[in-house]
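Residue numbering begins at 1 within each chain, and the chains themselves are lettered A, B, C, D, E and F in the order written.
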Amino acid sequence: MAEQSNAVARLDRRGDHHQAPPYYLPAADEVALFEQCHHNKLAVMLKGPTGCGKTRFVEHMAWRLRRPLITISCHDDLSASDLIGRFLIRHDGTVWQDGPLTTAVRSGAICYLDEVVEARQDTIVVLHPLTDYRRQLPIDKTGEIIDAAPGFQLVVSYNPGYQRMLKDLKPSTRQRFVALDFDFPPPDREAQIVAQESGVPDTTARALVELAHKLRALRDRGLAEAPSTRLLVATAHLAARGIPVKRACQVALVSPLSDDASLLAAMNDLVELTFP
Amino acid sequence: MAEQSNAVARLDRRGDHHQAPPYYLPAADEVALFEQCHHNKLAVMLKGPTGCGKTRFVEHMAWRLRRPLITISCHDDLSASDLIGRFLIRHDGTVWQDGPLTTAVRSGAICYLDEVVEARQDTIVVLHPLTDYRRQLPIDKTGEIIDAAPGFQLVVSYNPGYQRMLKDLKPSTRQRFVALDFDFPPPDREAQIVAQESGVPDTTARALVELAHKLRALRDRGLAEAPSTRLLVATAHLAARGIPVKRACQVALVSPLSDDASLLAAMNDLVELTFP
Amino acid sequence: MAEQSNAVARLDRRGDHHQAPPYYLPAADEVALFEQCHHNKLAVMLKGPTGCGKTRFVEHMAWRLRRPLITISCHDDLSASDLIGRFLIRHDGTVWQDGPLTTAVRSGAICYLDEVVEARQDTIVVLHPLTDYRRQLPIDKTGEIIDAAPGFQLVVSYNPGYQRMLKDLKPSTRQRFVALDFDFPPPDREAQIVAQESGVPDTTARALVELAHKLRALRDRGLAEAPSTRLLVATAHLAARGIPVKRACQVALVSPLSDDASLLAAMNDLVELTFP
Amino acid sequence: MAEQSNAVARLDRRGDHHQAPPYYLPAADEVALFEQCHHNKLAVMLKGPTGCGKTRFVEHMAWRLRRPLITISCHDDLSASDLIGRFLIRHDGTVWQDGPLTTAVRSGAICYLDEVVEARQDTIVVLHPLTDYRRQLPIDKTGEIIDAAPGFQLVVSYNPGYQRMLKDLKPSTRQRFVALDFDFPPPDREAQIVAQESGVPDTTARALVELAHKLRALRDRGLAEAPSTRLLVATAHLAARGIPVKRACQVALVSPLSDDASLLAAMNDLVELTFP
Amino acid sequence: MAEQSNAVARLDRRGDHHQAPPYYLPAADEVALFEQCHHNKLAVMLKGPTGCGKTRFVEHMAWRLRRPLITISCHDDLSASDLIGRFLIRHDGTVWQDGPLTTAVRSGAICYLDEVVEARQDTIVVLHPLTDYRRQLPIDKTGEIIDAAPGFQLVVSYNPGYQRMLKDLKPSTRQRFVALDFDFPPPDREAQIVAQESGVPDTTARALVELAHKLRALRDRGLAEAPSTRLLVATAHLAARGIPVKRACQVALVSPLSDDASLLAAMNDLVELTFP
Amino acid sequence: MAEQSNAVARLDRRGDHHQAPPYYLPAADEVALFEQCHHNKLAVMLKGPTGCGKTRFVEHMAWRLRRPLITISCHDDLSASDLIGRFLIRHDGTVWQDGPLTTAVRSGAICYLDEVVEARQDTIVVLHPLTDYRRQLPIDKTGEIIDAAPGFQLVVSYNPGYQRMLKDLKPSTRQRFVALDFDFPPPDREAQIVAQESGVPDTTARALVELAHKLRALRDRGLAEAPSTRLLVATAHLAARGIPVKRACQVALVSPLSDDASLLAAMNDLVELTFP
């Protein structure tokens, strides 16, 4: 049991509840909805674009609910074994090592699978018995079935705006989650975040947010994804350290978004308009 | 033999027959049909949409027939070894470990392969000699052939409504099963389930079921899969805990079903109509 | 040598020749042809639809020729090592373990590869030197070449009616077999089998066979494969245990064959016509 | 060295030169050409259809040249390690085990790669330094370079009539071989072979050869490959054991060649014409 | 800790800060921008064609910022384990070995991923938590989460001009970097570099740069990539050692760029024009 | 160090500089160009058709420059580990074994990668840091970075005339080499080589070369690759041993080049014309 709590402590960097809560400004009723899902043992899917605050929200909720948080970044090659665990061959025998999902299930942690749609089907399917009334994790390799400890909750994130070839969540998976929609914050709040995190004056922050809104409108003209709040903060950081704001916009806001010459020109024109 | 029954006990969470039976309200003659299949040693295929109660039915039948139940969720990477077993290398030698199918065959359990069509062909083909008059499981790796213990029965589930690319059950596999068709329960019974599991008043439960029927009609307009009874119960749970029912429908019933803006709008209109 | 005969006994469930012969009613001259192939050391290919009695025929012939029978179900992932054998790493060294084909070659058994076309090319190619005048099995991993013991015979089955993408037997493989064609038994004999195996009255058995012939005619309208005698027997089993015969036809004869609504309707109409 | 000759003896079943020579009736100057290639250290490619005697020819030449013969059947999954050798992990350490090609190179054997085009490119490329003036086999895994012993010769077979998707020998590989063309024997000689190997009377043998010529003409109408002399011998074997010759033609000559109904009908008509 | 600094010293060949700085002539404000990114803990993406000085720039900045530099060349088969580390099985047990990224994270080095777009998605996704406010590297296999040491910075390079099939950086990855654009140096500076590195006279260097500009204009006519400064230096090296400059251009500047006969002719015409 | 020179000696069969130089007749200034590249530490790419003498040229240059030569035949499955080295598990622990590239880098050998375009990208990319000013080989698995010893040079060969699907050298790789173009020798010199290596009279050798020129002209009519000097020498060898020259042309010059009936007829017509 001491070993179990060590495993959680090692995986959960937000676990020290004496710390200040992770900064998060609620947009609507998402905090109440998440709390009800938690108490009703319902899994949650956070839908929204890159960099709009989904990860922060989960960290905030974990702090608020006093639960450890275990985060897993999903990708093409994430196998079920990476989640559940594996046998390690050691010179003195074979030992079983729990994966991060198993640790979360045993310890009643919130388990957050970031960009879940990137994972392979065999990885996603192991989540199924954890998301219905069974709340069980079968471990085929040891023949064990673990009942989720009280407090365990599965949370996944998902970016519906980014088109993937062939990859999608199966309907039978989607129906296992309550879905909370996220978006970029409204202009005033986004400007407040930019100013607070970077130290630029409010006028600059507001101008950057205004620019971001114009750039996001280019999505219809072929921009693969809208610039995130994170990009605005990076731009503001450079501006706050003496880089001319127009130059900061070019390197931190425009150039990362595309390699297409006409799109880049259109975006730089908008920079010019905003910071003449 | 003690080891064998331990393995079953470890894999079967429904094995305690002193417990109350798993809640299941029969729709037609499926209980009698299943019992006759069991007594005639015929394998059964449960056909029907996600979340319409197939898993519950199997659990109920296992309880009713006093058989242990071993459930396996199928997926793309489920190998024959995952079902049958493998050699484990240990520091003191190599030991054979039965997989869940082998455990079921040896102990006379009901073995339930959920979403069998997701499994690879090599996994499905090992089921063949278990589903004809032979009732045998050959284990190539040990050179052993196991006769199924009395009471062993193979059950698979299959969702014919969900289109898969390239994947389908081969006719030579299909012909090895008696097929029982499942569908969502009729309105009255579905409302009864929703009210009983969530605690919402009957009027709310009936309204939710009415809404579900309207949403299911959207399948012709591109909805990949109809909302399940499970989604209705999740929605009702949130409503029972103080979330406004319209909001609960948005996050637990509508948003999980699609990312398509026009489909989402159509679904939210139906919510508005039902809970004005 | 004692070890060898143990391996055969473990793999061959038909090996006890004091038992009654496996039930098989010859259709034409297939028994005589098979016997001549056996005595001339010619490999045999059984061509025919699923469930028409190919496996039973091989079991019958093995009993008749007093040869052990080793059966291997082929599939996509069946590797040459699965057939031939492999080195097992044990704590006290590495030992070679014969695969089922090697056991058959050493012991002069009949080796039956069911649905051979499903296997990979590298698996099929190992059969080549066993099917010409050499009658040898080279084992690359041990550098051994085994001469087939007297009585060894290779038999494969193959369903020409089932279309596979890209997969087919190479002409250089096909030319290594004498091909015996199988089909469903003629009506009278099929009715006799159905009645004898299930216990239904002769009139019911004949009506079921009549229905099967009508259903088999639907293959031109898109039915992937004709209903087998095995399906008729399953249907009759249910009818013999009190399930109404029309309902038994629906779950055991019609529903397993297709998910297509119009095909299912057409088939159920035929059931209605046969059992009004 | 004793170990080396043991390895060759184990792999070479034609190595006992006190035995009678393998039966082979030369068609043209292929024996002289092969001998000159052998003495000039030139690799040889045998081009021709399935079952026309390529393997027998190599066995005959090995006997004639007093060289051991090592035969390797190529296929999709034949890896370079299968040819060259591998490290085996044993409980008392790791030992290198020569593959059949390495054994041939060290011992000056004739190494015959049957159906070489089926092998993977990485397998074929290891042959390159053995087929030019270098006559060396580099073994990457041990860092060794072996000079071919005197008498070593590489022989490959290749069926140009069988169409493969995407697979072909690279020009840089083809140019490393002298190519000897093989075909079915002329009618008189083919009838002589059929009679001698099966024991049927000369008139039957000649009729079978006449039939084969008509069947081979069907290649323009879609027959994937012409019936081989081997098929004729199998047919004759059955006829010699009492199976009516027409029936023997159906099961051993026609049915193995195709599953196409119209081709089968056309072929059976030709059987009818030949044996009315 | 001593072990850690040994690992860095072994991986970082620019770590000796008593050495002269790597030669780098700034083109614009890239040095100041990089320094601000470094101080604001922002990851940097260097965009530009092959051979225009991106690698040199990173080496220069590492020297300037007094940080160790660890360089990783990305490719198709670079796995997450190659970056993060793996367990090594040794005869006396299993030990964990940090990969180069982990070493950089622990030691506060600059980690430079050259041609990052070539790597697999699972490799790229491990960079995500290092590039936002978390600055953490989770190591799934040990269950450890490492906070990046002060001074750690992630730098990637990327050639937007080279078209790749199917491969591209995901928007959610791109948005994690500040992007600095690189291009070939202006003519005067490029001539200065060519003369200084090769020893050819200034007139020759200027003529070579003039030729390169004409060749780069051929990109619209199908040249896959523009000749780099590196190619000019190689050409000049040969010219400085007595190879006629026209011949040096043919072998070191023209022939490496294409196999297309008409493109080669067009390029050789330009050589002729420049060095008549 | 003694171990290192043993490794080189084992891999380099041309290392004995007391031997006569490998026979090579220069075509133009390729010897001088190669020497200058060697002294300027420039990597070299040899472009030209199969069998035109590229391998001989490298062997000659290694002898001339008194460098050991290590040759690696590239293919689809050549992995980076095959070049660089791997850990071998032995019963007494794990030892690192240098691959051939690492041996070349450590010992200052010429490393020749034959048909480099056949290798996988991950294999090619490890060459990059060896081909610019760094001259380093990073070994990820040991965390070591090796500086190339003086005299180390990378040489690759490449056949631009042979069309590969999807495979090509990336521009960023091509730009790392000086390219020397090779072609078949001019008629007089080719005849001289044929006569000298085979022993046929000069008139026969000249006639064979004349025939080869006519055959090479067929490349526009679909011949995949021109007949090499190597094929001419093989043909001449057979002619010198008594095979009629026309027959020798058929088996050693025409038949290896194609399976296409009309191309074979056209080529045999040319043989007939040359040797009536």
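Following the convention adopted for this analysis, a contact is a pair of C-beta atoms (placed from the backbone, for glycine too) under 8 Å apart; a residue touches a chain by one contact, two chains touch by 3 or more.
Note that the structure is a prediction, hence the values are computed from the model and not measured.
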Practice task
Please identify each chain that touches chain A as well as chain D.
Solution key: none
Fill in the blank from the handout: Expressed in whole Å, how far the mean CA point of chain B lies from that of chain C is 30
Handout entry: Interchain centroid distance [CA atoms averaged], chain B/chain F, Å
Key = 61
Fill in the blank from the handout: Cα centre of chain B to Cα centre of chain E, whole Å, reads 53
Problem - Where chain B touches two or more other chains at once, by residue number - result: 89-92
Fill in the blank from the handout: Note: ring order chain C -> chain D -> ... comes to C, D, F, E, A, B
Handout entry: Complex contacts: residues of chain C adjacent to chain B
Key = 7, 10-11, 13, 50-51, 55, 71-78, 82, 88-92, 97, 99-100, 103, 114-115, 118, 159, 162, 224-225, 227-228, 230-231, 234, 237-238, 241-243, 247, 251-252, 255-257, 259
Handout entry: For the chain A and chain B complex, residues of the former touching the latter
Key = 29, 32-33, 36-37, 39-40, 42, 45, 47, 79-80, 87, 89-94, 120-122, 125-126, 128-129, 132, 134, 136, 138, 140, 143-145, 160, 170-172, 174-181
